[in-house]
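Each of the next two complexes has subunit A plus one other chain: subunit B in the first, subunit C in the second.
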Partner chain A sequence: MSQSEAPIALDIDQLSVVFDTPDGSLSAVNDFSLAIRRGECVGVVGESGAGKSQSFLAVMGLLAANARVSGQARLGTEPLIDRDVAELNRFRGVKLSMIFQDPMTSLTPHMTVGEQIAESIIHHLGSSAEAARARALALLEQVQVTDAPRRLDQYPHELSGGMRQRVMIAIALACDPEVLIADEPTTALDVTIQAQILSLLATLKRERGMAMALITHDLGVVAGIADRVAVMYAGRVVELGTVHEVLKAPKHPYTAALLASMPRIDDSGTGPLPAIGGQPPNPRRLPAGCAFGPRCAKADALCRTDRPPLVGPGPGEGTRSVACHHPLQGTHHSREM
Partner chain B sequence: MNEPLLQLRDLRVWFPIGQGLFRAKRHLRAVDGIDLQVAPGEALGIVGESGCGKSTLARAILRLVRTSGGQVLWLGRPIEGWSTARVRPLRRDMQIVFQDPLASLDPRMTVGEIVAEPLRVHARELSRAERRERVIDMLGRVGLPADVVNRYPHEFSGGQCQRIGIARAMVLRPKLLVCDEPVSALDVSIQAQIVNLLQDLKRDFGMTILFVSHNLAVVRRLCDRVLVLYLGKPMELASTDLLYSQPRHPYTKGLLAAVPVPDPDLQPQRLGGALGGELPSPLAPPSGCVFRTRCAHAVAGCATTAPKLQSVGSGHEVACDLWREIKTSRETP
Partner chain C sequence: MLSYALRRIAGVIPTLFIIITLSFFVIRIAPGGPFDDEQTLPPEIKANLEAAYGLDKPLLEQYGRYLAGLVQGDFGPSFKFKDFSVTELIAQGLPVSLMLGLSAVLLALLVGIPLGTLAALRQNSPTDYGIMSVAVLGIALPGFVTGPLFALVFGLHLRWFPVAGWEAGEFRYLVLPVVTLALPVIAYIARLTRGSLLEVLRTNHVRTARAKGLPERRVILKHALRPALLPVVSYLGPATAFVITGSLVVETVFGLPGSGRYLVQGAINRDYTLVMGMIVVYGSLTLTLNLIADLLYGWLDPRVRYD
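And then the complex of A and B:
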């Protein structure tokens, strides 16, 4: 794959996030490492509280004030962690953009769509108002907003959820970013609109050669547009590999259990779903050993005492890393059509 | 077929809007002409995009919103126009589970009080001890230990709160359980637990379920039949097997194609076949077939006559006059 030789656009290295709270410190992300190359989309999957959003908010410098971040993240060669706001703003919204789940609250209600897109262009690129407006129109057309000239002068409340998310994407693209972080960009949308937005993101990634991190709880979303996927559980990456490796033959019992527990549209079964028992652990009281151990059918004494490290592939074993003492072997996961 | 538990005849819910001194009265047709029979013990899924009228239909059946026309028949008796007092005894047999598990529980009540409340209202003949026994029994059935009765909702996770909500709805052993997006707010691993719980309860108690959801994969797993709505109108009604294996209506096909599957060999192609466009404003629905503005098969005639649900065999009904011509273009979901 040519992507494996493309330069690394975003390099996250042993990132950890701890929140100081009145009830003590809470470890949200531990040793998160991920390199995303130009033209590559990496899906970051996990349930609520797995640390997927917090990792990338740390990269963006957008964490709450009580957060302590260690480790490093680099945009090309520029370090992003522990930079002051003025310095960060040279990259944020320019080379490094982010879109969020809720397109209503992410847009300013009292500014028109055109003003909000142009704001970023004028601020970062120093364009004239007319040039910025022309560029805003071109961007709206590129993200397939219907009736774009009229939309420029509309306010966010006049647009549907799908249109608002397209506007968010237009703002994120305004300065031609090298890296786009999309945090649950389609979770608030209907499946029909979700499919439209995902194919738009796939097209943009292909045409612009952007690096993209797609944060989602839905393995189906990942399967459609990601090249690789990182599965997170309780603040750590438990499995990382190509979408084929991870989704077709998961090695971590959590990944396998998550796939099996999802009802599928192409599965005519009517029996009970193989649900994962219990709940994700409380981040204040993580179990010793493997955090998934208490919910794992394969867990033994070792899993209860020693946390399994994320181990990379051996020679000739592809690209997959997995953090498990008893990884599943060669189980080709597929369901009857 | 047994006598239907529930029948809808041309049911309509129109919300008046924009009424002003000099403005003509307009209506938003949230539910517009639904005919339906639901058998005892059946699980019927109601699906469609946001704003298609799924929740309004469910609430109209429970008389939580006022209907504007047509009839709801409960065990063969029309209940339109009944006073609240006259409907109240029926509520014992019709209960609802809401989408947001925490917001639907009163934060000042203990779990025991929450689950006992329907009994206090509808089963006043029970003694305190009997009530307590029923509450603890029901909590056990939904997978919660007896000692939760003295705790408050905020102490529980989303999945556990949804179990409490289900226990509250089921404690009266209703004939009809309406579930309005009951798993949409839950994490993937917890969704499966709740879907399995609803399946177990249906098997054990044999109640009828109306399952409102935008998650078509969950509906396939849980429901016997599915009604597809678009802008308040029925598009397709079929057994789950037929609807998912041989969808006839272009809208149903588009909806099914849009649901992602976690398979990198299939999903990228599926993404390409997604339905274009968006739901038109329900205040200005298209003439004729309401779906025609997004339909790849629409012809001139679609703009003039609104197609009615017509049988295509085996209890499968579709509201499209062109279903014969387009059935060859079937997409496999």
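And then the complex of A and C:
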């Protein structure tokens, strides 16, 4: 891949997030490591509660007050974890931007679209109000908001969900960031708008050479625009590799099960869709061994006692890392899981 | 927005009409009349007096006459303050009461909102606990306790302010009564602001503002505070009602020539026209403040802009 030589834009190293709650501590993210290079899009997939959003909210310094973060994340060479807000604000919204999943509530209701885009341009780049407004207009046009000049002076509630998500993207791009984190950017939108937003993100990534983390629970989305994919389960990465490798021939039983539970267009349509039996583990009481063990058909005594580490690829084995004692060997995923 | 305002103003008229009608008949139901004093008047004199004021007419006719006078801006003569019309009495007292009440509401907003904001930003810190404890005290202590206390401490002992009096609304004379009147409102607004701001600070749009890398100060002032003030604005109407009733006590404690005393004295004396006049004036005032609160709502949150 051409990206493999590009410099690393965002380097997340052994990040862990624990929430202190009245019922004890809750471990949301465990030893999450991921490096994203410039111009690369990494999809981060997993069920709700797998720790996808929390990992990246930790990187942004946006976690709730009861969160404890350990490990490190670097933007280029700048550490991001445990910095105070004023220091973090030198990067947030400038070099490191985030798009949130709920466009209906993520914009300030009493400020016009133009104000909300222009504000970070004025604050970070020191532009004049007129220059910032002109740039806001250009951004709206770039994210293909129809009737952009009129939108500048409209309030978020006057816009549709898809429009609002485009405005969110325009805000995130306002200062030309090096890294863009998109947290389920299309979940709240209908399918046609989803496709438009995704192709827009893909184009922007390509044109600007941004590093992008795309958080989603939808493998179809990942297949569409990501270069690599990290599969998370119970706060850990269980499989990491190129989209092609992972989706074509998953090695972790969880990845295979996820793929099997997706409807396919060439399916006969008879019979129920396979579902993964059991429940994701309680983050207050994670099992001693493999967190997926209790739901895994291949689990044995070893899986119950020893947690499999994420093992990188050996020589000549491609780019795949997998955390499993009994990785699947087949080249095509089956539906037996 | 303008048509909404006009419609709301038009809506005030029927409300006011209902208030007037209800109070007109309720006062008449109360036993006794304006000329029933300790010394009983000879029946002939009483009858003459009642005839002179039109009180011998059927009640409905009296009501009709009162309304007819009212639309011409005539509140009628006072039954007890002879030689004065109700309009004259109100014109004397109302400016004092208005000055007192509006200063109190203004002071409450200017002090309550920053205090509540500070408490929210320092949630669960000694600052927060301090402000909220004082606020609870402020709400719990009635004006007839705090008023004399302030007069005693700041007037009599420290001699910072005069104990009582008005002197044409000179600032020194205004301080203690306004503070007494405003204290519970400050406390309530501080609590409202704190609770509401804490809620808004957890919303998604504030997270977006933080993700933009804006300084915390701007996040709060520009993105969080405005929606957080909605409950405070809703409270403006009830706050006015509170200040009006509170002013009766405060005006008495500090010996101010306001109009509050007319309401109490008028009611005790069965001075029908005076009580009615006060009800009309205070009723309109409360309705106006509620109207202002509704219009402010639209400014604070564009989603509530009515058309």
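By our rule, the second predicted complex is superposed on the first by the 329 of 337 C-alpha atoms of A that agree within 3 Å, B and C clash if a C-alpha of one lies under 4 Å from a C-alpha of the other, contacts with A are read in each partner's own complex, and residues count from 1 in each chain.
Note that a residue touches a chain if its C-beta (ideal position, glycine included) is under 8 Å from a C-beta of that chain, and two chains touch if they have at least 3 such contacts.
In this text the structure is predicted, and so the values were computed from the model without any measurement.
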Which of subunit B and subunit C A:Pro274 touches, first, second, both or neither: first
First (subunit B), second (subunit C), both or neither touched by A:Gly220: first
Touching partner for A:Gly162 - first (subunit B), second (subunit C), both, neither: first
Which of subunit B and subunit C A:Val94 touches, first, second, both or neither: second
More subunit A residues in contact - subunit B or subunit C: B
Touched partner set for A:Ala230, first subunit B, second subunit C, both or neither: neither
Which of subunit B and subunit C A:Ile171 touches, first, second, both or neither: second
Contacts on subunit A seen with subunit B and repeated with subunit C across the two complexes: none
Touching residues on subunit C, where the partner in the complex is subunit A: 203-205, 207-216, 218, 222-223, 226-227, 300-303
Subunit C-touching residues of subunit A, taken from the complex the two chains share: 60, 62, 85-86, 88-94, 97-98, 100, 102, 105-111, 119-120, 123-124, 155, 157, 168, 171
Residues of subunit A that touch subunit B when the two form their complex: 47-48, 160-163, 190-196, 198-199, 202, 217-225, 243-244, 247-248, 257-259, 261-270, 272-277, 279-280, 334, 337
Complex contacts: residues of subunit B adjacent to subunit A: 49-50, 157, 159, 187-193, 195-196, 199-200, 214-218, 220-221, 241, 244-245, 254-268, 270-272, 274-276, 278-279, 332-333
